[in-house]
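The structures considered in this document are given below.
Shared between the two complexes below is subunit A, which has subunit B as its partner in the first and subunit C in the second.
Here is the complex of A and B:
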């Protein structure tokens, strides 16, 4: 197991290197000039040139990349062109809010999706299954910003139970989480449903019935754990992505998280911030993938990495 | 001796497409206390379906009629919760596929404990100790250690022993064994059969043994019921069936077993194929394959004719 983790972490370094190169190339492929954005519309060419020189943007791209990587190895993600603050500090200041929001959204998805997955599997091909599945499909297709605004209107404005956006404590987390949960839960529901239906046909479920186990016991003790693998796989990719920011939710609910930071950085060609947030996302996705592989071992004893 | 199980006029219909098709028709047999009854027949003749219907484990939407009397209760009339108290407690069951019949994510010990918990209310150390005791009784070496292992760590033979331990944990009055040795290699087969026989005789447990292997029947059973295309065509003691088979199908089955003693002759397989559920022949279901078929056989189905005490056969040739 330990050697597996070490090997995987080694592979992570290669993945991150690839991502950093790709991001760098993509940023320079966009025809925009950060120096011009910083200097403003009416700045003279000389000023722009000076800014460009100060930021090191006049050097050839490969040299800029090498400089960047050199700093990165010392733990320095650079300084934001726009905020003039270290990128690390900017990311850290938004990270708390993003972790809160990501966990809220994720838990909401699981709390809605998993029970519905079990429900529809138990009622497969009955009217209640068709109704719930159709509703889930509709929920999945709802635009997040529309549902968010509707929820805000009814539960923040008409009935002022929850704040109208902003991140100020637990109550402000409810509506954004619910919005994301409703639209995202359908995937969990469908994954778990199909996996449960497959498991329920297995011989060991028949054995459990032959032992005299009741339907609830069969679902919770015998079927669920065997059916969870695809849900865990999707769940870890999902939380990894959520942790790097949920732009639509953040924008709708005026939540100051990493998503908004990245979005603004892209708009303003704030290269160090773009690089910082992209690399953070990559690290999170890779880490959660690794974590998933480790969790598999605890869920299914047949999986071993020796 | 009293009957432990009495199946009367059992009829099972499956829905295929929009129509119901009869998989088992008018099956009747009984098992006495401590007795082993073999239910023999080709694949698809309805043996497993019959055994699953006794446990009421067939998929919902299957039509079952007739009577399955266990003691003085008709199992087909019990509620689902009453039935759960019988499954694994009064009737134990083992299946053909030891490789897939155990839950891969639970430890062996826990899977045995579950029966004890459900039916005996045993928990904690007492349940765990009983489970280990059961493992020892089914001949598993180092039972304490095996109880802590997962199914994938055991061989097929060991897993089938565990299945037997689960089925016998609550000392059932009846053990249904559905092709228990088919998936195992020959040396292990003999061990598993020995084990079943010893455990059953210790507790006077009756066995319904479902198999297509006549060798297993000769070894294990007191009486035999031969099934063909959803019906029992001949019933008798092992001696009667093997020494004096009456039904052409039974004769055909016995002729298709290779013999290692006496003169070597070519095996005589039964010509043709088992009819499918969708188009069962009218009259006797075996008639299209029967070398002795009469005109009558293709029109009306024969009733049982008694050959001697305990021995009866369903064939117009005896009329």
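Here is the complex of A and C:
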């Protein structure tokens, strides 16, 4: 297991290097000038030139990349062109809000999706299955900004039970999590349902039934545990993505997290922030994939990496 | 402070809000009775000011700069305006200059030497005194390449010794001197009739150099502040700014009360305009004003359709011109008849209707609030919507290839206008393709002269015709990108250059009149509409007014919920 983890971490470095090169190239493919944005529409050419020089943007792109990587190896993600703040500081100031929101959204998805998955699997091809599946499909199709606004309007404005957006404590987390949970749970439900149906037809389930095991024991001890593998795979990618920012939820609920930071950075050609947020996303996705592979071993003892 | 158009990064929020508006159909929360608010630019007032209390404001932009030498966008400007003071400012709702940290000033007969007396006894928040040197320091910072101030071009080369200092050839700016503890002298290379208006920009505020030396330029822009203004920086994060009252602020109101009245102002970054409107409707926020550049388009219909919210709207003309630029160097707009055809082809009234009649149809580059605006434009250049005439001009031009790409920023308003321009131009024979993109890419493309036609706006830096006509139509501004239509007329250049240094205002206006007529004849732009401030102010907020050049007068407002 340890050698597997070391091998995967080694591969991560290569992935991150590839992503850094690709992101750098893509940023420079955009026909925009960060110095222009910083200087403002009315600035003189001389000012723009000075800003470009101060930011090192007048150097050839490969040199800029080498400089960036040099700083990165010393743990320095650079300073934001727009905010004049260290990127690490900017990311850290938003990370707490993003982790909170990501966990809230993820837990809501699981809390809604997993019970519904089990329910529809047990009620497969019965009217209740069709009703729940249809509702899940509708929920999955709802735009989050629309549902978010509806929820905020009724439960924040008409009935002021929850705050009208913003990230100010636990109560402000309920509506965004619920919005994401409702729209995202259907994927978990469908994954679990199909996986459960497959598992329920396996011989060991039939054996358990023949041995007189109760339905609850069969579902929770035998079927669910084996049916969880695809859910874990999807769930880990999902949380990795959520942790890198949920732009639509953040924008709808005025939740100032990493998603909005990254979006703004792209709009303003704030290269150090774009690089920082992209690399962080890559690290999170790779780490959660690794974590998933490790969790498999505990969920399904048949899986071994040695 | 220059009110800027280039608030970037709001596209997602705005689109979400717009979609949300359609979907949710938000109605009015009518539980709070709201008093009528005067629908003009005068102070919104009732009774005597009441000190104390705090307000919360939303903004859909980002806090970028705390340093007055760098702040050049609306959001940063709003905060910097509360914390710093320049030498001069504008009086009330007018464009009339008055002393701010300067108690008086003199201009020499040749218009090249300005001598300011600084108010004695004014202190920075930390107790350090404000002296003439506090301004010398800031002027040097603005000119210093290591700071990279957008204000540099307003001093260099007009101030004696500015270029040498900027290029590192001199250790001080020879034309800027503290000739006494409270006497500041500025020498210009030639007269600049609008130099005082330039000095009213926040770039040129008093700073405490000893404090900056201690914290460093970066922290002075991104973490901390030290000013003389009515509010001190209490808390600053990327998403929230808290300002608290400066108890020793030097300004007093007409009753002798020390300003400001409010104890605290909290500004939150909230990018969903729909939610921001709900905050206002719910009474959680006090204003929707400069921090939004007015009521956002996506929620404006909500305000119009609600009897209570409608009463909270106040309006005033802004010195801004929105235009369709036609690149004079690129076909088919290198032909004057084709450009004139576009002038007749566009239905400007329809564009204003699309924007909920918030704005006024434009007929020339200068807005009506700027001295030099021609009330009676000669009939030959007073283009009215006339598709038949547009078709005739196109025929006369002999130009066959009328394929045009129209560029714009990808905002909801700009895209609405794109569609109307496309439809109008296609109706007379053009074949218009629309290409809308993010602000930075759009600006880079247009300023490099690569866009055939583009939608852009100019919002004043200071209220003088030079800021519009010279900056946007002088051929020496092609390289800087400001003259993005690549307009080049040597006669117009000569009139504009003469007006730059003429200290006789009547003669200047004559020169600008001549330039305006010739520019309209050459038709490098189709002026579309003039801007307007459309703000929302709670009925319990008093003392608010709109100055076309300054940011919100937060030092002058007070709250009194018993008088609405």
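Before moving on, here are some points about what is shown:
As a working rule, the second predicted complex is superposed on the first by the 306 of 306 C-alpha atoms of A that agree within 3 Å, B and C clash if a C-alpha of one lies under 4 Å from a C-alpha of the other, contacts with A are read in each partner's own complex, and residues count from 1 in each chain.
We take it that a contact is a pair of C-beta atoms (placed from the backbone, for glycine too) under 8 Å apart; a residue touches a chain by one contact, two chains touch by 3 or more.
Every value quoted in this text rests on a predicted model; they were computed, and no experiment measured them.
After superposition on subunit A, the partners subunit B and subunit C are seen to fit next to each other with no clash.
Between the C-alpha centres of subunit B and subunit C, as seen from that of subunit A in the superposed arrangement, lies an angle of 160 degrees, given as a multiple of 10. Judged by the touch definition given at the top, the superposed model places A:45 against subunit C, while subunit B stays out of reach. Contacts of A:260 after superposition on the shared chain: subunit C is touched, whereas subunit B is not. Of the two partner chains placed by superposition, only subunit C is touched by A:146; subunit B is not.
Of the two partner chains placed around the shared chain by superposition, subunit B is the only one that A:299 touches, whereas subunit C remains out of contact. By the document's definition of touching, of the two partners only subunit B reaches A:213; subunit C does not. In the superposition on chain A, A:202 makes contact with subunit B only, not with subunit C. Within the superposed three-chain model, A:75 lies out of touch with both subunit B and subunit C [touch as defined at top].
In the superposed pair of complexes, A:127 makes contact with neither subunit B nor subunit C. Once chain A of one complex is fitted onto chain A of the other, the partner contacts of A:164 are limited to subunit C, with no touch recorded for subunit B. Set against each other, subunit B and subunit C touch different numbers of residues in subunit A, with C touching more. Nearest C-alpha atoms belonging to subunit B and subunit C sit 46 Å apart in the superposition, given in whole angstrom. Residues of subunit B touching subunit A in their complex: 55, 57, 81, 84-89, 92-93, 95, 97, 100-106, 114-115, 118-119, 150, 152, 163, 166-167. For subunit C in complex with subunit A, the residues that touch the partner chain are 2, 4-6, 8-9, 11-13, 16, 19-20, 23-24, 26, 29, 62-65, 70, 72-73, 145-146, 148-150, 152-153, 156, 166, 218, 221-223, 237-239, 268-272, 274-276, 278-279, 281-282, 284, 438-441, 443-445, 447, 461, 471, 479-482. Across the complex, subunit A meets subunit C through its residues 30-34, 36-47, 50-51, 53-54, 79, 82-85, 90, 93-94, 143, 145-146, 149-150, 152-153, 156-158, 160, 164-166, 247-248, 251-254, 256, 260-261, 263-264, 266-269. Put simply, subunit A touches subunit B in their complex at residues 202-204, 206-214, 221-222, 225-226, 299-302.
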